[in-house]
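Listed below are the structures to be examined.
Two complexes, one shared chain (chain A), two partners (chain B, chain C).
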Partner chain A sequence: MALVAIYSLFIINKSGGLIYYKDYGSAGRMDTNDSLRLASLWHSMHAISQQLSPTPGCTGIDLLQAHNFDLHCFQSLTGTKFFVVCETGAPNMEMLLKVIYELYTDFVLKNPFYEMEMPIRCELFDLNLAQVIQKDRVALLGR
Partner chain B sequence: MPPPTAPKSGDALFASVDRVNAELFTLTYGAIVRQLLTDLEEVEEVNKQLDQIRDARVEYSNGLADLRSPKFLGYNIGTRLVDEFLAKSNVSRCVDFKETADVIAKLGFKMFLGVTATVTNWDAEGTSCSFVLEDNPLVDFVELPDTCQGLQYCNLLSGVIRGALEMVSMKTEVTWVRDMLRGDDAYEMRVKLIKQVPEEYPYKDDD
Partner chain C sequence: MEARIASKGHLCPLALQSTPSSPRRRSTHAPSPRLRADPGSSSAAMQFFGGSSLTSVAPDATPAPAAPPGTGTGANAQVLYVFNRNGVCLLYREWHRPLRTLDPTQDHKLMFGLLFSLRSFTAKIDPTTAEKRNLGVPLLPGQGCSFYSFKTNTYKLNFMESPSGIKLILITHPRTGDQRDSLKHIYNLYVEYVVKNPLYAPGTPIKCELFNKHLDQYMQVALH
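And now, the complex of A and B:
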């Protein structure tokens, strides 16, 4: 069961456009349109949560918990959002998102042929991401 | 061990990133400036290209410019590097422009150039200050010839800072005040905060 710790990963640019979507064998695989729609919905919900917050300085939803999955979201100061959908109670997801952010800065932003705010098609990023996710699963298995 | 989310010190940050031979870096930058001088012929044009003085986004939306062209050297680098800096330094949101300037001077410069800058000459409103660099790895071996006296050799750096700050909602103007290549005693860059674009929702339709 530990193998399915992470269901999917999304990266949204600062205007709410989906720039990366990766599915890790979840039951409800989405087609492109659905994933795009979902990403922009999440972008809006994140924004709404900031406005709903009774305390000032709220930066939006970090964690959404449901009966059978958790959604962890990390927003960089530049407005790019990274979120993973994973098993309930999966640990270390904040760390994982931070590592993914670092990979994004290394293998996406530093690629001179990547255009900012556009969908990510960078093989090195895919490769390194796969390793990190794999490592994370192994770490979970070894607990 | 400090918690993983604590901001790193400048030295720790510098130690944690990959580096290349300093001469390769300095010579590569020199080659770029030389090539721009050859291509554009005008020193003033080269200054603009290194920094990209005009607003890239405005020109882009008017169809006047292509954001991918080397014209936007410093600015373009800045818009990309800022994320790397934020991801690897663990700094959190700065409370004011003063803190931002300190972070750039102590951590940003250290991480990417291996030197630190001093922040001085604050104006009364706290919206503009100077970064003073004693040591500048871009200019090792450089002597400006008479034909290039107007060249702002390090304009790339000002562009980087402007691009980086724009990505975190700060519009700035960055100009060189002192330049050792022109006989001054240090490198001094003036950074002026023009406006802080609030990140509030909803965005206006014309944004």
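And now, the complex of A and C:
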């Protein structure tokens, strides 16, 4: 497999339901049920990490560092969470998440046929997202 | 590892039955010349090794990694949890903790639950391994992909699991660097002063004077 910076992208709504999932070349098959479970599990982990905070004003996990990957998470003000699974030490993931959020607001929220908190099926969002990820990969290859 | 601990436990009534305190360590062990000659070791590490003869007994001859730095701001928390593989909280220490929302037992249970679930989460989501177990199946220590830290805006949690299932959790300021070496050092202290203590019964809360003393010394470097 070629150099892959991002393995997968998840978007979960404010109640922990998976509304968007895209795989960019992780090893092994993950079926729909598994991705749904992982999304809701992440939602709860995020909430528990706020409960356990030893200091006031905690907003949940931003970055999870595992031995084989990094997970960057961004939570919007409305409670929608975006998280990417990427290579360890991949840079500029916060920026990428902000860009994805921008695409979400532009092409999903402004779509009059989109129902809030429901799975995202917007062609334009898919298209622009693919472009952004592609650009990110090219930038990474150019390092 | 567990078997070794158990055998220590059986030794307990035979050896040192009347000694109430922790066993004394050999204090003749001088710091290794490599340690003194190492120009790269920070002043923090030197402070750790430099004091009385007792402090010079390092669990291993390598210099201690620099303890996590303290910043003195409000977001600076320093908390350590030690769990065994059954989820019993063996040790809870806090050097600085501004906020307590839950009572201690609830806090420990929630923390262990979080780690348990995060372990199965990382093992399942791991994008580099093709063969994965189902989500929710309990994992043995070292099985599947594990994590070593996570970060929120107000704290960073550093995690280490030993092959025997001892879990060390160190909470620090969110901007501290990689603490895997610090955790290894704390684990060394645990092996040296808790596991090798004949009066310590495995699976019970740690009440070893020497361990606490060395832990405090190590962490104090961080606070001041």
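Following the convention adopted for this analysis, the second predicted complex is superposed on the first by the 140 of 143 C-alpha atoms of A that agree within 3 Å, B and C clash if a C-alpha of one lies under 4 Å from a C-alpha of the other, contacts with A are read in each partner's own complex, and residues count from 1 in each chain.
Quick note on the criterion: a contact is a pair of C-beta atoms (placed from the backbone, for glycine too) under 8 Å apart; a residue touches a chain by one contact, two chains touch by 3 or more.
All values derive from a computational prediction rather than experimental measurement.
**Student:** Once the shared chain is lined up, is A:7 touching chain B (first), chain C (second), both, or neither of them?
**Tutor:** The answer is second: A:7 touches chain C but not chain B.
**Student:** Thinking of the overlay built on chain A, is A:63 touched by chain B (first), by chain C (second), by both, or by neither?
**Tutor:** In the superposition, A:63 contacts chain C only.
**Student:** Could you tell me if A:51 is touching chain B, chain C, both of them or neither one (first, second, both, neither)?
**Tutor:** It touches chain B and chain C both.
**Student:** Would you mind checking which one, chain B or chain C, touches more residues on chain A?
**Tutor:** Chain A has more residues touched by C than by the other partner.
**Student:** Regarding the shared-chain residue A:41, is it in contact with chain B (first), chain C (second), both, or neither?
**Tutor:** second
**Student:** Same chain A residues contacting chain B and chain C, which ones?
**Tutor:** Comparing the two interfaces on chain A, one with chain B and one with chain C, the shared residues are 48, 50-51.
**Student:** What residues of chain A sit close enough to touch chain C in their complex?
**Tutor:** So the residues of chain A touching chain C come out as 7-8, 25-28, 34, 37-38, 41-42, 44-45, 48-69, 71, 85.
**Student:** Hey, which residues of chain B end up touching chain A in the complex?
**Tutor:** Chain B reaches chain A through residues 4, 67-68, 79-84, 86-88, 93, 167-168, 199, 201-202.
**Student:** Under the touch definition given earlier, write down the residues of chain A that touch chain B in their complex.
**Tutor:** It is residues 47-48, 50-51, 76-80, 95, 98, 101-102, 104-106, 109-110, 115-116 of chain A that touch chain B.
**Student:** Which bits of chain C are touching chain A when the two form their complex?
**Tutor:** Going through chain C, the ones touching chain A are 74-77, 79, 94, 97-102, 107, 110-111, 113-114, 117-118, 120-122, 124-132, 135, 145-155, 157, 171.
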